[in-house]
Amino acid sequence: MDVTFLLQLLINGLVVGSIYALVATGFVIIYKATSALNLAQGEFLMVGAYICLNLLSKHQIPFWQAILITFAFSALLGIVIERLILRPLIGSHLISVIMVTLGLSSVLKALIQLAYGTDTIPFPEVFPSAPVQIGPIPVSQGYLYAIGCVTVLVALLTTFFKYSKTGVAMRATASSQQVALSMGISVKKMFAISWAIAAIVSSVGGILLGTIRGGIDMSLSFMGLKVLPVVILGGLDSILGAIVGGVIIGILENLSGGYIDPMVGGGAKEVAPYVALILILMFKPYGLFGKKRIERV
Amino acid sequence: MRCGDFKTSYAADMTIFESNTARIMLGLFLCTLFTLPLYTPGYLLDIINRIGIAVIGAVGLNILTGFTGQISLGNAAFMAIGAFSNGYLAIRFGLPFYLCIPLAGLIAAFFGMFVGIPSLRIKGLYLAMATLAAHFIVEFIVTKWESVTGGVNGLSIPAPKLGSFEINSDARLFVLIFIIAVLAVLFAKNLFRTKAGKAFIAIRDQAISAEVMGVNLLKYKLLSFGISSFYVGVAGALISYQAKIISPETFPISVAIDYLGMIIIGGLGSILGSIYGAIFITLLPELLRMSTSALAHSYPDLVYKLAAMKELVFGLLVIIFLIFEPAGLAARWHSIKNYWKLYPFSH
Amino acid sequence: MKLGKFLASLTATVAIASTSFAAETIKVGGIWDLTGVTADVGKPFAEGVQDAIAYVNEKGGIHGKRIELLNVDYAYKIPQANAAYKKFVEQDKVVMINGWGTGDTEALKDIISKDKIPYFSASFSGHLTDPAKTPYNFFVGASYSDQIRGFLQHVKKEWKGKGAPKVAFIYPNHGFGKAPIEAGRQYAKELGIDLVHEEVIPASFQDVTSNLLNMQKKDPDYAYVQTTVSWCAVLLKDAKKLGIKTKFYLGNYGMTEALPLLAKDAAEGVYGMTTNVPYGTNVAGMKLLTDWNKKHPSKEARDTVYVRGWAYGLTWAEGLKIADKHKQLNGEGLKKALETLRNFDTGGLVPPITYTSTDHRPTTKTTIYMIKGGKMTKVEDVETPRRKEWLGL
C-alpha cells in the first residue's frame, strides 16, 4: 500500500474534519443548552464568511479587526435569532423546532443570495498558499493554520466552560434548567449566550474555509448537513464528541474518497458520512461520548 | 342556517360530513373541479396537475408526521423510489399505468417501512437524522444504478395508455391525477375513523399511554410509515408521468423540506390542511413569477432574484406559521368559518 | 423615492405592454442558469444573449419586428427546465428557445424534435450534432467532443518525452461533465495516447484533494478538466497545494477571465480550450460589444462567456432574419433558414459557423489559451477533422 497516499488522505481528513468539528461544536453548544436542533448551522458559517469578506474587500479593514467585527456581528445575529424565533417556541413539539431552523436556513440563504448573488467571490489570501514539506508530504500552510485555529478555539472554549462564571452557569442550565433557575441563573440569558457562541464558532469555520478555498459561494451552507453525522457519532451533547467526531468523519470521507471512489466512479465520499450515521444509530445511538438517557420512544 | 353542535350518537360524532349541505357542497365542488380541463389553458392546467400530485404527497406525509408524530426528512427519497420504480416497470416490463402506479406505491411503502424500523428504538430527533441519511443514500443509489434509473441522465417516461387511448395531454393527465387524489383524500379521511387511525393519533399524543392501552407500537408505527410512503410513492409515480423526464435531480432534499413546509403551513394533523398547504406552496413560485414578470421590463434584474425570493418567502412563512399559527391554515380557515357561522353573535 | 421609481416603472411597464401589441413581436424563450451550480458562467452567457438581442432590436429588429426574449432561471435543474419549456411552448408560443445545460437539453431533445422548436443550447454536447437524431438542436462553436479531440491532438504534437503521453480526464458526474468523455477515450486510443485515469468529481464541492490524490497515483502528464470556472479554480488551488506537476487543460467553460481572479497564482500556466475570443480581443466584431458596454455601462465584469452569449444572439437573430425573408417565421422555417448558413461570420467572435441539413457541427475549430500573468494569452488554433462517423458523438 502506498503510505504517502494514505498519509495525505489522513492529513486532508484531519483538516477538513477540524472545520467540521468547529461547526459541530456550535451545534452541540446549542443543543446542550436549549435542546434545540439547529439545522441552520451551515448558514451561520456562510453568513460569517460573507460578512468577513465584505469587511475585508469592500471596506479594506485589516484582517484581525475584520475578524473581530465578524464575531461581534455573528454574536448579535445569534442573539437576535434566539430572541425572535426560538424563544417563542420553547416547550413546543420537536418538529416545530426542527422546522423553524429549516425555515431560518431558507431565510438566511435567500438573504445572502439577494445581497451577493450566487457567484463564487474571491476571498483575499490571508495565508500563504505555498505548500510546506512535512516529511515526504507537501502540506498547504492554510491547512496548518486551520488546525492551529481550531486547537486554540477549542482550548478557549474548554477554559470558558470550566473556569468562567458564565461558562459554569451555562453548564448548570444544560444539566437542569429548573435547578439553574432556582440558583438565580437567568436561563434566558444563557440561551442567548449559547446561540451567540455557536454563531461565532461557525463563523470561524466559514472564514477558514474561505481562505483555504480562495473563494466563497452558496455551497458553504451545505456544511450544516455534513455536521449531522458528526454530532451523532460524537454524541449530541458532548463537545469533546463533536471534535473527535468531526475529525473521524473528515478522515472517513477522505478515505472513502481515496479508496472507494475509484471503484464506484465517484460519489462515495459524499455518501459515506450518512452511511456511518445510520450504522451509529443502529449500534450506538448516543454516540461515542453522548450521555445515555433512559427514554422511551 | 345551522348553529352549534349537538350530537347524540357516536356515529354522528365520527361522520365526515356534518350535514347534507356539506355533502352537496362537496359534490358541487367535485363536479366543478372535473370540468376544469374544458376551459383551463394548458400551462395553468399543468400547475393544477402539480397541485394534485402535491396534495397526495402532502396528505401522505401528514399521516406520518402530523397524525403519528414521526418526523421524516426522507419523503423526497420515497418519492424518487416511487417515480423510478414506476418508470422502470413501465419501460422495462411495459406494464400499464394502472398496475405501475400501485406497484410503485407498494415498493415505496416497503422502503418506507424499512426506514421506519429505527423509529422503534430512537426518538424523534434521531429519526429525523436517520431519514435524512436515508435520503442521501437513496440519492446515491439512484445516481449510480444506471441500468435501472438511467443515472444522471434520468429516464424518459412514456405516456400512460389505456388500451389505445393515450393519456398524453395535460387535460387527460388531469383526470388521472385528480381521480387518484380524490380517492387518496377520502381514504385518509376515513383512515382516522378506524382503529389504525386512532392508534396513530394515540402514538403521537403519548406513546407510553398508547402502549399501555394495548396499541402495538411496532405494528402501528410501521403501518403508518407504510401508508405514508405508499402515498408519497404514488405521488412520485404521477410526477414521472407529469414531468415525462425524471432524474435524480427531480428529488433533491429541498423537495422534502417543501413538503414539510406544506403540512406546517397547512396544518399538522389535518387532512384539509395538507390540501391547503399543497396548493399554497405549489402556487407560491408561480405567483412570485407572475408578479415579477410584470415588472421585468423596468427591473431586468428581478429574474436573478426570483429563486432567492421564493426561498425567502417560504422560510419566513414557515417561521411565522410556527410561531403565530402552529395549527396552520386549516385552523385559520376553521376560525374564520366559525366566526361567520355564528355572526353576529360570535365572541 | 423608491416608491416613486417603482410607480414610474410600473407605468412604463404598462406603456410598453400596450405598445408592444402595436408592433409585431417575435417571442423567443430563454432558459438560463442564474443561480445554480453553473451560474458562474450561466449569468454572463445570459447577459451576452440579452445584450445582443437588445442591440438587434435597437437596429430595427427582424425587419421591423421586435424580438421579445422571455427569461427564466432554471437553476441547473432538469425538472425546472422542463417546466419552463412547457410554459414557453404551450403558453407563450415561442418560435425558438435559447437554453443552457447539457443534461436538460439532452433530456428535452425528443420533445424538441416532436414540437419542432429550434433549440440553441449553451451546451456544446457532441450528442446534439446529428440532425438525423436531433434535427432541432443547435449550438455555436466547436463541440465539447471536438474540444477534447483538439486537446489530444495538441498533446500528441507537443509531447517530447519518452513513451506515450499519459493523460487523465477529470469530470463531474452529470451530462455536461460526461458529454465529451467517450469521444476523448476513442480518440486517445486512435492517437496512441495513454489514458491512464478518469476521475469523477462532485458537481459542487468544498475540496477535491482525495480525487486529485487518486489521479496523482497514476502520475499523468496532462489532465483535461470538464467543469465550470469556479470549480476549476478550487481544483487548481488544491492541485497547487499538493504540488501536482500535471499540466491542466480546461474545457471552454473552465477557461475564462474569471479563472485567475478565483484561483490566483494557481491559475498560472494553466491551459484551456476556447470556442470564442476573450472579451476585448482585437477582432472586427468586438467593437459592437465594447461600444454597447460604453453606452450601457454595467457593473458586471465582461468575459469570454459574455462574448459567447453575443455570438449566440447574433447567430440566431440571423436565422430569424432569413426565415422572415422567406415568410416562414416558425419552428420549421427557422430550422431550414439556419441550415442555409454557410461560414456565417460574427466578426471573428467565433470561427465561421456552418449548419447543413445533415450536419449541425457549426465548426471544429478551437483555440488554446493559457493564463500568463493573470491574463488569457493565445497559444494556438487547433482544428479537428470533420469525420462523418463522429456525428452525434
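Going by the order they are written in, the chains are A, B and C; count residues from 1 in each one.
The working rule: contacts are C-beta pairs under 8 Å (C-beta built on N, C-alpha and C of every residue); 3 or more make two chains touch, one makes a residue touch a chain.
Every value quoted in this text rests on a predicted model; they were computed, and no experiment measured them.
A.B. asks: Considering A-C alongside B-C, which chain pair is linked by more C-beta pairs in contact?
C.D. replies: A-C
A.B. asks: Need the most distant chain from subunit A, centre defined as the mean of C-alpha atoms.
C.D. replies: C
A.B. asks: So the centre of each chain is just the mean of its C-alpha atoms; given that, what is the distance between subunit A and subunit B in Å?
C.D. replies: 33
A.B. asks: How many angstrom lie between the centres of subunit B and subunit C, each centre taken as the mean Cα position?
C.D. replies: Averaging C-alpha atoms per chain gives centres 38 Å apart.
A.B. asks: Could you give the separation in Å between the centres of subunit A and subunit C, each centre being the mean of its C-alpha atoms?
C.D. replies: Each chain reduced to its C-alpha mean, subunit A and subunit C end up 37 Å apart.
A.B. asks: Hey, what residues on subunit B touch two or more of the other chains?
C.D. replies: Answer for subunit B, listing residues that touch two or more other chains: 143, 304, 307-308.
A.B. asks: For subunit A, what residues touch not just one other chain but two or more?
C.D. replies: 113, 117, 265, 267, 270
A.B. asks: Two or more other chains touching the same residue: where does that happen in subunit C?
C.D. replies: 34-35, 43, 173
A.B. asks: Quick one: in the complex, what on subunit C touches subunit B?
C.D. replies: 8-10, 12-13, 16-17, 32, 34-35, 43, 50, 71-73, 75, 77-79, 82-83, 86-87, 90-91, 103, 106-108, 110-111, 173-175, 178
A.B. asks: Under the touch definition given earlier, write down the residues of subunit B that touch subunit C in their complex.
C.D. replies: Answer in residue numbers: 41-43, 46, 143, 151-154, 156, 243-247, 249-250, 252, 294-300, 303-304, 306-308.
A.B. asks: Please output the residues of subunit A touching subunit C within their complex, sorted ascending.
C.D. replies: By the definition above, subunit A touches subunit C via 2, 5, 8-9, 12, 16, 113, 117-120, 122, 125, 129, 131, 138-140, 142-143, 209, 212-215, 217, 219-220, 222-223, 253-254, 257-258, 261-262, 265-267, 269-270.
A.B. asks: Where on subunit C does subunit A make contact in their complex?
C.D. replies: Touching subunit A: residues 34-37, 39-40, 43, 173, 199-202, 204-207, 209-211, 213-214, 217, 230, 233-234, 237, 240-243, 261-266 of subunit C.
A.B. asks: Name, in rising order, each residue of subunit B that touches subunit A in their complex.
C.D. replies: Checking each residue of subunit B against subunit A gives 65, 69, 71, 118-126, 128-130, 132-134, 136-137, 139-140, 143-144, 207-208, 217, 253, 257, 260-261, 264, 268, 304-305, 307-312, 314-319, 322-323, 326.
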